[in-house]
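For clarity, chains are labelled A, B, C and D in written order, and residue numbers in each chain start from 1.
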Amino acid sequence: MLDNIEILVQAPVITLDLVLNGLLLGAIFALAAYGMALVWGVMNIINIAQGEFVILGGYVAVVMAAYGIHPLIAVPVAALLLYAIGWALYRTVIFRIVDRDLFTSILATFGISIVLQQLMNTIFGGNVRIADAGLGTVFLMNGMVSLAQVKLLAFALAAVLGSTLVVFLKRSRLGQAIRATAQHPRAARVLGIDTDRVYAATYGLNAAICGACGALVAMAYTVHPYIGLPYTIRSFMIVVVAGLGNLAGVIAAGLGLGAAENVAGFVFGTQYQLAFVFLLLVVVLVWRNRRLARKRGYLK
Amino acid sequence: MNAMLEVERVSKSYGGVRANRSISLSVEEGRIVGLIGPNGSGKTTLFSSIVGTHPIDEGVIRFEGREISHLRAADVARLGLIRTFQQTRIYGRMTCVENMLISSSQRGSSLFDLFRARNPLREKRAEELLEFVGLHPKRHLQAGSLSFGQQKLLEFAMALMNEPKMLMLDEPTAGINPTLINGVIDRLKRANEEFGITLFVIEHNMRVIMNLAEYIYCLAHGELLAQGRPDEVRNDQRVVDAYLGSH
Amino acid sequence: MSKSRRPLLGHLAILAIGIAAPLVFPAWQSQMAELWLFIVFALTWDLVGGQMGYNSFGNVVFLGVGMYACVVTQVGLFYQVSAYNDARGGGATIFTFDPRQYFEGLAIGLPVGAVLAALTAAFLGSLVLGMRGHYFAICTLGLGVAAGELANGWEWIGAGSGMVPPNPPGAIGDLSRFYYYLAFALAIVTFLGLRWLYTTRFRFAINAIRDNEDKAEAMGLRTTQIKTTAWVIAAFFLGIAGGILGNLKRFIDPIDTAFAGATFGVWMVLMAVLGGKGTLWGPVIGAILFQVFKEASWTYLLGWQRVALGLLIVLIVVFFPQGIMGFLRERFPAWFGHRVEGVKDMDAVEETKAR
Amino acid sequence: MLHYRTFMIAAVAAASLPFAAANAQSDGSIITLGAAVSLTGKYTTNGEHTKRGYDLAVKKINEAGGVTVGDETYKIEIKYYDDESTPARGAELAERLIQQDGIKFMLGPYSSGMTKAIAPVTEEHGVPMVEANGASRSLFTNNWKYLFATLSTSEQYLTGAITLVAKNADDLGKEPEEIKVAMAFENDPFSQDVREGVLDDMKEYGMEAVIDDQLPRELNDMTATLTKVKALKPDLLIVSGHSKGAATAIRQINELKVNFPVLAMTHCDSADIIGKFGDGAEHTLCATQWAPTMSYSDELFGSAQDFAKLFEETYGYAPPYQAAESAAAVQVYADAFERAGELDSKKVRDALAATDMMTFYGPIKFDQAGKNIAKPMALYQVLDGEYKVVWPSGVADTEAVVPRPST
């Protein structure tokens, strides 16, 4: 561990490399997290099937690539398909748990995630798949920092998608309805907003975001039926850190997590990378709780 | 000298809003003291500050001469200072008797006491107090199934079960059927006389508080506006203005 | 038959069935042993999740701690743990345990596992039990996964290669029968222990926390202390269950066996919910039904069993959240001692009192 | 209503459970082998290769008339369960196969972890298990009597790579003891055992490990490790993490343009790195148990090439070695049944222990511990988009290109 830190101190450019690559991955996490924050904030549902949506989107890109269609085209296609899937899931299951407690939604969406994993395994096989976008690599600082173009592209697309979403939520009628419902469902209902439809759209929108995100994952990383969990967990972590309804926070936390994770993996060894993420989650929660707790001491 | 509760220059703000500004008051042992004031004048905030639900920004709170400003809620309660809530809080999925049994005084008791065998004295006391508030026939019902008024009575009984030295009641008659209010006042007075419990009562209903309290403090906009005996306060022009102004 | 004797006879019948089952159905004994452990899982989860209302996804931490602590003790009493675990890569040493060593290790290992799990609960509880509601659920989820990942990186206990519990000496004979009875005994002790616990005021205290924690605090209950105690009790029994499970499974994978949040961790929640949260018998019934469903789906729905499991979770949570006991209580409140008296004469009583 | 239905379903399931334990064992003239393989979970791909290997051999043997035991001929069947890629489940299913389904002969699962979980069970019940996918060395240090493995054990997987690098150290401008090795192994029983073997081999030449990272099981990014590789410039990078590790490594090495002289890994063919990455996979050294170009043959399948062709016709892709070694495991059983002359577990075990046969997959002969000592491990190299065996020299198609030409 110490020699790893030594490397970083001696060659700061490596830190830069780690951080930049981490930021690129973080953008994808942030995108998925934004979807999770949307569903959580508007519908009060924690969607454990988030990662499975991402992987499903990835498979859309993989399948299209297999038919010779450039995976970039898969980004909107995956979003559309996943919107439909999300909408259908809402109409069959999710609408029944909207007004129940978070615990119910965690368990129910966990069930959904198992089913999705299994179906993906049956349909697409258990193999590791990729969608090749056929892009090169960008070098900086005498080749010491290398960034895959596809990751840069994914980063850019994530940014575009994110800002489109913000504009959509601000400007469009549906977006305004979603925001109104998030703030006060009962009042929204009184004002004539069909909250049920808003919820369906929100859940579909989240799935669509994940789908687009997944297509990027398939281009830049790998997909596999059982690898959704990391995306769920990191989305979760990001939302918890950033809080709901705080887009800037979600982006900052997403990018920060990506970078921190990469540096931690380098310093502690990759075997502790995931443990680091989770312990960070626990530490953040405990710290938040401490901060919120009153400063009154115990009676001695 | 025999002030049981002393509040000295207590301030508390939430976000940017200053809910309590340098409030000082005291409640003497054995008395019934009222706290009135228009909506949003900081009465409930002061209660919460006293019993330790949240930290105060400035000031000192003493109970029986001992500073409790930094104690947590549970520890304040264990000293014998118990509050009730405006929106009643009871244990909805437990029966009335169970509600009572877990409400007995925690003063000086340890975790271990929770594992002790049943205590017939405690059970008898619970029945008596349920009888006292008129809920005895409903003692085996789930508390959550009671009407709002009955829940208020149950909460009152639970507070008595705790054998507090001082009981702080947040609007004990709010939401209660007007025909039942006299019964509530009667029981509060009996609790004060028979059980020797000092009462500190937030009340909106002027008729009730004038009837009940021996001394009254009035808050407005987070500050102490007036104090005195009921008739003094009632005739205080500032109090009248505050109430009228709030409408 | 008198009313007080009926439950006694019922209990005796269960005891008889439990003792006779492995002799009658020897082929099923390891599944039945697992079932008894599942009952312990569900009962202990319900203590915190059902009775106290703190839905934990991290109880699997105590299972894993108990499992590792027990097995490490079993080995450590007689050999160097690091040497034992290094040998997985092929050492010359062969580690054998004679019957005395084997049972001695187990007799010390199980309590060590229980105590360590309880200590872990005390420590973690003081950190995370201050949180309310869903933040607690999330935090425990994180704890469960983090524990698995840490164990997965810790060389001393075998890291990702896992750890093999001591090989039982051949003289012992049918090992899974031995563990069946151990698991059975643990389930009985846990059940009776919790049944006693639920007769004390401690049960009222944790129910009060479930129903209204602020009120409980305002009434002088030190809630964090009580919550931690409940978690410690759950962890204690889970720790023993972990030790038994590790030896029963004979190979401890850090993520798939010990800190198996995605399987045991979720199953314990599911079993309690299925049977009915906040009841004594609910988790037991839930565990039985779940185990039967699980085993049946493995036989009849090969390759689709996880789909079936996922659908089961969704169905239970969405359509049957009150569980079997909850359902029965709604329909037949009288069975549960919830007396409902004539509402009409109640109002009359109230009126007279008020006058 | 729904509650009643739930209840009824559960009740029916409960009632029907005991009947599941019906008679599966050799009624009439069928021998049933039992296997718990990964049909779901993270090892699905390789579990499938394993199952297809078994199935193909069974089909072929039955077509050829089955096995003659004593005076009777038997057909072979396999009873499968899905272990979901979790060891805890594997042990349970083994017990189930033996106790409830009455299986007397077991085939192995996929992966070392799963085999580790199952072996104690089969051992306790005295049921022979011929396994083809548990390479971990520790499986063979327990004095187990009923465990036999057709494959070479894990410590041999990458011996070839170390040897080749040591031999070609000159071309790297170094002495063998100056060679710097970077290691990235998944944190699972198999890969960790491969690591142990690599460390032993390195010690022999005095090589130094400059990176020793363990990859998480939920692997989706190995940037941290590859950045270290960039910084420390090792001569050899070794990666082992089943199919997922192989695919992720090659993808990111190419993307980050990490340059180093030699890359060696496991599971190239089961991850199909050539199909996925084309040029990106060029010059990678891959551990393999078997290759279709090898010159082994037997009567059932013919040559290795014939097996490969048959497999491809049947399943539509070239057989990874996992399929070949699994098919061989069934052949071993068939052979042992015939030699044992009766279907008694103990007798069959003794016959298995005495196995000395040639198959399309290579020679099979078990040592005391039950591992196959007759067949060497081999090494592929990806050359011009094809897997070429480059080591050991006896079976090599061509000369290895080490280090890879710098581009």
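Just so we're on the same page, contacts are C-beta pairs under 8 Å (C-beta built on N, C-alpha and C of every residue); 3 or more make two chains touch, one makes a residue touch a chain.
All values derive from a computational prediction rather than experimental measurement.
**Q** Sort the other chains by how far their Cα centres are from that of chain C and give me the top one.
**A** B
**Q** Of all chain pairs, which one counts the most C-beta contacts?
**A** C-D
**Q** Of the chains present, which has its C-alpha mean closest to the combined C-alpha mean?
**A** So the chain sitting closest to the middle is C.
**Q** Please work out the Cα centroid separation of chain A and chain D, and write it as a whole number of Å.
**A** For chain A versus chain D, the centre distance works out to 35 Å.
**Q** Starting from the mean Cα coordinates of chain B and chain D, work out the distance between those two points in Å.
**A** 73
**Q** Cα centroid separation between chain A and chain B, in whole Å?
**A** 48
**Q** How many angstrom between the C-alpha centroids of chain C and chain A?
**A** Distance between chain centres, rounded to whole Å: 32 Å.
**Q** Would you give the residues of chain C that are in contact with at least 2 other chains, written as numbers and ranges?
**A** If we look for residues of chain C contacting two or more partner chains, we find 149, 152-153, 159-160, 303, 306, 319.
**Q** Going by the touch rule set out above, which residues of chain A reach two or more other chains?
**A** 118, 229, 269, 271, 274
**Q** Multi-chain contacts in chain D: which residues touch at least two other chains?
**A** 40, 187, 214, 216
**Q** Which of the residues in chain D come into contact with chain C in the complex?
**A** Touching chain C: residues 2-3, 6-7, 10, 13-14, 16-18, 20-21, 39-40, 80-82, 84-88, 91-93, 95-96, 99-100, 113, 116-117, 120-121, 124, 136-138, 140-143, 153, 155, 186-189, 191-193, 196-197, 214, 216-217 of chain D.
**Q** Which stretch or stretches of chain A touch chain D in the complex?
**A** My answer: residues 4, 7, 11, 14, 17-18, 21-22, 25, 118, 121, 125-128, 130, 132, 137, 139, 143-144, 146, 148, 150-151, 221-222, 224-227, 229-230, 262-263, 265-266, 269-271, 273-274.
**Q** Can you name the residues of chain B that touch chain C in the complex?
**A** Result: residues 51, 53, 72-75, 77-78, 82-83, 85, 89-95, 98-99, 101-103, 105-107, 111, 113-118, 134, 137-138, 140-142, 144, 150, 158-159, 162, 179-180, 182-183 of chain B touch chain C.
**Q** Going by the contact rule set out above, which residues of chain C touch chain B in the complex?
**A** 197, 199-202, 204-205, 207-208, 210-212, 214-223, 225-226, 229, 278, 337-341, 345-346, 349-350, 353-355
**Q** Sort out for me which residues of chain C touch chain D in the complex.
**A** Touch list, chain C to chain D: 25-31, 34, 87-91, 94, 149, 152-153, 159-162, 164, 167, 175-176, 249-251, 253, 255-257, 260, 263, 288-289, 292-293, 295-296, 298-300, 302-303, 305-306, 315-316, 319-320, 324, 327.
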